[in-house]
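Letters A, B, C and D mark the chains as written, and numbering starts fresh at 1 in each.
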Amino acid sequence: MTEPMNVVEVLRARGVAVDEISELVYDLQAKYHPGLTREECREHVLHVLEKREVQHALYTGVALDELAEQHRLPQPLQAIMERDEPLYGIDEILALSITNVYGTIGLTNFGYLDKLKKGVLGRLNNHSSQIHVFLDDLVAAVAAAAAARMAHQHGTSAE
Amino acid sequence: MTEPMNVVEVLRARGVAVDEISELVYDLQAKYHPGLTREECREHVLHVLEKREVQHALYTGVALDELAEQHRLPQPLQAIMERDEPLYGIDEILALSITNVYGTIGLTNFGYLDKLKKGVLGRLNNHSSQIHVFLDDLVAAVAAAAAARMAHQHGTSAE
Amino acid sequence: MTEPMNVVEVLRARGVAVDEISELVYDLQAKYHPGLTREECREHVLHVLEKREVQHALYTGVALDELAEQHRLPQPLQAIMERDEPLYGIDEILALSITNVYGTIGLTNFGYLDKLKKGVLGRLNNHSSQIHVFLDDLVAAVAAAAAARMAHQHGTSAE
Amino acid sequence: MTEPMNVVEVLRARGVAVDEISELVYDLQAKYHPGLTREECREHVLHVLEKREVQHALYTGVALDELAEQHRLPQPLQAIMERDEPLYGIDEILALSITNVYGTIGLTNFGYLDKLKKGVLGRLNNHSSQIHVFLDDLVAAVAAAAAARMAHQHGTSAE
């Protein structure tokens, strides 16, 4: 029997490296923390990914993305996922359960990242053959939560 | 091609009648509304079920319940769903997206129903062969949202 | 200059002892944890009260309760607080920011406590001369968060 | 006795015109709706402002801003508000109760507006003598909710 994949492996299997999430955190926080390194950002991301609540959201959202790609979801959910229905808000709700772990200060950065689709988020969003209804929101939420964690530790702004 | 099931049919296919949800609403609200009828409760439930946000939450949660029954979810999500892992909070997050539609006043009734597992909720919760990780929370949330809708219309208490 | 009150003093000044919150946690969790002591419940409550997010919600809600008692809020907010308007949901929203700190599993216990108004919550709710629009919800939320913290540590149910 | 101010008057008294909120909505939505007029944006904003949940959040947040300006809040809340403490998340929580009214699709636009502080938000944020801890978040949330309302009606994207 194969071991279940851990959350870092699940992200990698969907094409997202931890370093790409760290890069989003760096872009958000560099101006508030002179001398900030990618390594420090990476550590915050890894801490966020250790949280049970975060893992549950990622396992659930990624499973829905994968099942949609395999045409295995019941209708009308399959159709909603295939056209990335803009009024479907369950992806944002799952993302919210990630940002909440470090308090509401992560909300702003989540919305900002989700809107501008920078870095890895742009790549996920423009993929033609894969379905990433949940993954782009979840990755944005992990980055926003890592920025909030950094802000809590330094007692400085998350925004 | 068969038409996708609407949300009332989806509930029925999972063993939940609209009247059972109305009964939960009646039990919550009868003491605040002398002369309240089951029919009025039913109308509020049907209005809640017409909301797009509510339908999206129901389609998504029920799909996850069904896929877990069919052993089609990837690990470790399949195992989490099978043992109804008490620290899995995604079911409550989806329920929250339902109660939110009529404002935060629905939160209290949702928690109360989810804790005491009255009526149809007890039956769902004790089922041995089916998986209802999401369905019991979603049904409690629909009942709580219907009670909140009634309270908003009457300008009276939801609790 | 006097030091600002810490959060335990703020609660005491509003008539709530930490032990009364621990008692709510004990009542919620005793059946899941044979041998559970009040002391262990108290430690979880104190940890919850150390969280910045929790303190911010308590300071804000209690300030609004006190200013309403002193008739110092602008209208129409003063009138809404005086009649404990059932459709005012800001108290629940603040409570949610407390339960969220330990994930969504605290939601159910919050709603249950808020509905049944057991222990200290009943006393707060029935007070005739003081205004506790926020305090009863916030205290219920602290107890629910402490129960969720216990569940996360033990890997067991919060409900 | 003077009538309590309605919510449009409260906003105006704090220096925010409805048209400035409409302008934020227009900037968010113009690219998705060719031919969109400011007048249509204004109507969506006014509908959002009629919602009880929205009014409650605005009355509460504005009262806290005003009481902080008048040095009437108890410590340590007064100090937190005066320095616009970046880890204080209650402003975002209240904003969330506004965006939730039209579902979670408003979250992204809220975060985007709150981060970039465009238009009226920049003016509020840079004010030296007034305190707008809550107002900028609440105004961003009203604009995001109005954009979500427009998206729901047209069945199109809110983002």
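Please note the rule applied: a residue touches a chain if its C-beta (ideal position, glycine included) is under 8 Å from a C-beta of that chain, and two chains touch if they have at least 3 such contacts.
Quick caveat, the model's predicted, so the values are computed rather than measured.
Peer 1: I want to confirm something about subunit C and subunit D. Since they are copies of the same sequence, is their interface symmetric in residue numbering (over half shared, so same) or not (under half, so different)?
Peer 2: same
Peer 1: What rotation angle takes the CA atoms of subunit B onto those of subunit D? Round to the nearest 5 degrees.
Peer 2: Rounded to 5 degrees, the superposing rotation is 180 degrees.
Peer 1: Counting only C-alpha atoms to place each centre, which chain is farthest from subunit B?
Peer 2: Chain centre farthest from subunit B's centre: D.
Peer 1: Approximately how many whole Å separate the CA-defined centres of subunit A and subunit C?
Peer 2: 31
Peer 1: What is the distance, in whole Å, between the centres of subunit B and subunit C, each centre taken as the mean of its C-alpha atoms?
Peer 2: From the centre of subunit B to the centre of subunit C is 26 Å.
Peer 1: Mark out which residues of subunit A touch at least two other chains, giving numbers and ranges.
Peer 2: 52-53, 87, 89-90, 93, 96-97, 103-104, 152
Peer 1: For subunit C, which residues are in contact with subunit A within the complex?
Peer 2: Residues in contact with subunit A: 52-53, 97, 100-101, 103-104, 152.
Peer 1: Considering the complex alone, what residue numbers of subunit C touch subunit B?
Peer 2: Touch residues, subunit C against subunit B: 86-87, 89-90, 92-93, 95-96, 103-105, 107-116, 151-152, 155-159.
Peer 1: In the complex of these two chains, what residues of subunit D are touching subunit C?
Peer 2: 4-5, 52-53, 56-57, 59-60, 62-64, 66-67, 72-77, 79-80, 87-90, 93-94, 96-97
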